[in-house]
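Each of the next two complexes has chain A plus one other chain: chain B in the first, chain C in the second.
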Partner chain A sequence: MTQRKRATPSSQRQHGVSALQEDEDDIPFTQPSTSQVQKALENVTPAQLDHKASEVVQYFLVKQQKKIPVRRADLVKHVVKEYRNIFPEIMKSASKTLDQVFGLKLVEIDNKNHLYILISKLENVDGPHTSVSSPKVGLLFVILSVIFMKGGVVRENVIWNTLKKLRVDPGEKHAEFGDVKRLVTDEFVRQRYLECVRIPHTEPVEHEFHWGQRAELEVSKVKLLEFLGQLHDQDPQLWSQQFKEAHSSVNPPSS
Partner chain B sequence: MERDSSGGGDSSRKEQREGQQCNGNSDGSAFAPSDLQSNDDDPGLRRKIRSKYRDLINSMQQNREDLLNPSNNRLTEVLEEANNLFKDVRQTREAALDAQLLVVASDLGKEKASQMLADGTAFDTAMFTERLLSFMGINRLEDDDDDDDEQKGGANKGYLPADAWHRLASRAECCFRTAPSFHFMRGSFHAEPPPPKQKVVRQSRAPTKETTRAMPTQMKKMVESHQEATEKEVERILGCLRGYHQQDPLTPISYYEFVIDPTSFSRTVENIFHTSFLIRDGWAKMFLDDDKLPCIAPVEDDEDKGQGSSSCKQCIVSISPKMWKDLIDALDIKNPLIRAPDTQTE
Partner chain C sequence: MMQGNMSQQLGNSHRRFLQTLMTCGSVDEPGARSLHQHCCETHNTQYVPDQLDNFINAINSKLQPLFMQIRKGMSEESGQQHYALVNMAETEVTRMSSDYTENELELFRKTIDLIVASDNGLALSTDILNSADTLTTKKLKKTETEQLLKRLVQDKWLCEKQGEYTLSTRCIIEMEPYIRTMYPEQVKVCHICHNIVFQCQTCENPVCGVKIHFPCVAKYFRGRSVRRCPACDDAWEHEVPEMKRRSRSQSRR
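Moving on to the complex of A and B:
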């Protein structure tokens, strides 16, 4: 199906064509050049630009409920539509709104396939949380901790064994999480918290887990290490390698 | 036979077969007796080499765990064996197998290296899970049969409270800079498109037919009642007009004095509306008196009632609350000439 859709205007098929996926009905979207954008801006009133930017913001906010990255192709098809010529301007405006109004950062996590996610820019306030947190966060924390502490890559057996010790068995239905295997290998992967890679030359097929792009951006390794230190009654500095890594890759959530 | 898990091996083997045929043709001496003696083309030796390579690859895959064990050097020994085999390799087909072996070996090497890294940092998952369970509030049971539990192992003691994972999530959340999800405060309709509506439409077709049948009869009644109300009102006003006219046939009745109700603007508008029917149907006539003020008078029985359409003129009367007040002041209207319908019944 994707093959057929790629056969549309060859002139568009140059640089920057996003990898087409299932439901792309119209011509693939290529990022317009700055001169094209400038020219197109002349035909658009600021009010129209703002309106489109607001729609983009709303789209992102709603999509955030499932935390699955937003595809640029979807954004263009469903929201931007005929204003695609000023797409970069719209994105700039939307990004600014998300930043200043909501304190959220819009990040492109995949430059090739053009996927976007939202991250909070604000530091978490310690103390009682007003909203009830989903228990999935706890599960995710365990998995991410194991991967991080084991050097960034872990075979899937290690994860399953760890979870079993916590009374979470991927083979059985869990009271809280349901189908655990699906949650870990499908949902967390699609949300880009985890990355699941097949280990080559294994028979039967085995996978290994890495941190996903969202985890890299969202999770503070320093805080993770702090909590682990508290759990183990241990100074986090004793895990020298991880400590070094956590403090070197600290990205200040700047604008 | 042997089954390499890497797909590349199969295609490379195919290529090797084709390559071998080409080689045979170009050399022109694939089966010449003289060549059986040179190492370059000895098919028997080559078969042996290939078989040894395949054995080596297989053993690497089967003894994976052993090779990965950091306590031995098995992996290096395997590589040395491969090196030895390689000394006799002359043709591409065997070289390809050698390359395949190297691929498997390097994967194992990578994994072995990463294992070493992991061991160095000394993170023990067993300890981690124990601490986690404590944090989540595990209830270590006070047991009667201590022996059984000891056999099972410490990990199976106790049970987790219902909010165990919530507890962990609350504490772990602060490590995440997740963007909060947006939800409508009062909820929203279901975000996914509704199931196909076709069935619903078909089901409701039958009832709508009946309702449309019922509709006209209902509507007729309503329209009639409206019409009746208007007609009655118009007739009543005609009666008023005739009454006033009879009292004083010679003095023209000022139109505005007639329609204006000083107590209610809306009644005034209604009066104008109803009066217009009288004029339209020819029951009353409007004319200007000597002062150029509009007057109204009923049409006598012997006069033409609206048949002289050429002499009929149309005009639009409009009135605003301000005008209404001005007229009341100017004409000094104190009482409405047309009584409100409610008062008639009293």
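Moving on to the complex of A and C:
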């Protein structure tokens, strides 16, 4: 029955970081050299290259629905397959398409484990049907704000206490968010909005939160400060430390 | 009518429209119009109302090499047109494969089986639960099946009304190529609009049996005091639904 070309194996859907570590039956993939690529290109028609690039684009878009990072190993194993020797060419083409058609930038966020995410090159603007005003985004924004204002890292209890003050208790099931703890420590972390690091020598184990790579790329600290300024009716410049930090780092895209 | 759209370059207004559509799953016609306006205004592109189809055609010309298209489909409940991004190359439900496990997808396919096989485009929750026992991949428990159905509704693949499940408008638009491929014999088409049909009224004449969407019935019989089947001329026995008249006449296709 299965002549279907599967884009993802059933084992893909796992919780937690373990899903993104090397699979046992991965054939290790090393980037082909430029000469290897050139040679392999001689045996491939432009149409074949385009077709593969299209499949890569689709694979990324499907993952983008849930903001799950894409492992290079999975991309090679399930999509690129026997065209692995022209992998860089395929990626170049896919990247160009994602940019020109969708306004999405392909970014490698982990040079060691080779993980990719897509981020929008378009600025987040409130409008009909946009998710800027969705409750989850609001919650994430609160957490990112707390971390940023506190200098970039906070212990987990600070986050939980902040949320509790907003009547979002990680210990209870929330009407809108459900399992809040899972949302923050699992979903937001997997999507790379947050990074959750164990604090060594703590018993019971405690964690601290940082901004994740996706947040660094997608969220404008300048805008965040402006928003907080409005919220607290304060000139953002008065938070001098954070203001400096926001204006010094590489700014995420604005349209 | 296609004013050289094939070569039209995409701007950020097109890209924003596309990104938003991908995030929402599907958007109804009024929503699409306001989104079109919002996208043009955000990127300082000239906004011409009633140019939505051209705008979408420009996007579609770039999506075609990727085997994707923005397609229109009618809601079987409201008669309203919806837009969704469709993968034309699919012969399976790859769109969902990163959100659902293998056996969950199998149950979803079995639910589609039930809906396609039904006369009225509905699957009873009891029948779906029974299907959960026959899965060839890992079996699903009753509570797991109920959770799964809830998620499918939340993710806008299914709609639920009083324990009965139907395919959402978005699902019909996105899965139509898949459904036509998998169920070539059982798939039915509306006698009025000729699109794929699930929830419908059926002509009671056993020799005729044509199916018509509820909104299509409403539109066809509006203003007619004598109701006869458009195919066989027998009396149309069913109660004709009343659809809300839309404020703009927009039967442009």
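One rule holds for everything that comes next: the second predicted complex is superposed on the first by the 215 of 255 C-alpha atoms of A that agree within 3 Å, B and C clash if a C-alpha of one lies under 4 Å from a C-alpha of the other, contacts with A are read in each partner's own complex, and residues count from 1 in each chain.
Throughout what follows, contacts are C-beta pairs under 8 Å (C-beta built on N, C-alpha and C of every residue); 3 or more make two chains touch, one makes a residue touch a chain.
Quick caveat, the model's predicted, so the values are computed rather than measured.
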Margin query: Let me test your reading of the model: by the given contact rule, A:L166 touches which partner, first (chain B), second (chain C), both or neither?
Written below: first
Note to self: Just to be sure I read the superposition right, which of the two partners does A:H78 touch: chain B = first, chain C = second, or both, or neither?
What the structure shows: neither
Next item on the list: For A:E203, select first, second, both or neither according to whether it touches chain B, chain C, the two together, or no partner.
Entry: first
Note to self: Contact-wise, after the overlay, does A:D50 reach chain B, chain C, both or neither (first, second, both, neither)?
What the structure shows: second
Notebook entry, point to check: When the two structures are overlaid on chain A, which partner does A:Q64 contact: first (chain B), second (chain C), both, or neither?
Noted result: both
Check: Counting only touches as set out at the top, which of chain B and chain C does A:V101 meet: first, second, both, neither?
Finding: second
Item checked: First, second, both or neither for A:K244, with chain B first and chain C second -> neither
Note to self: Tell me which touches more residues of chain A here: chain C or chain B.
What the structure shows: B
Check: Same chain A residues contacting chain B and chain C, which ones?
Finding: 61-62, 64-65, 102, 104, 120-122, 129, 131
Check: Which of the residues in chain A come into contact with chain B in the complex?
Finding: 61-62, 64-65, 67, 102, 104, 118-124, 126, 129, 131-142, 145-146, 149-151, 153, 158, 161-162, 165-167, 176-177, 199-203, 217-220, 223-224, 227-228, 231-232, 239, 241-242, 253
Next item on the list: Name, in rising order, each residue of chain C that touches chain A in their complex.
Entry: 10, 12, 15-16, 18-20, 22-24, 27, 31, 34-35, 38-39, 42-43, 59, 62-63, 65-68, 87, 89, 91-92, 94-95, 97-102, 137
Check: For the complex, which residues does chain B have touching chain A?
Finding: 5-6, 61, 103-104, 107, 114, 117-118, 120-123, 125-129, 131-133, 135, 155, 160, 165-183, 191
Next item on the list: Report the residues of chain A in contact with chain C in the complex, numbered from low to high.
Entry: 4, 6-8, 10, 12-13, 50, 54, 57-58, 61-66, 68, 97, 100-104, 120-122, 125, 127-131, 255
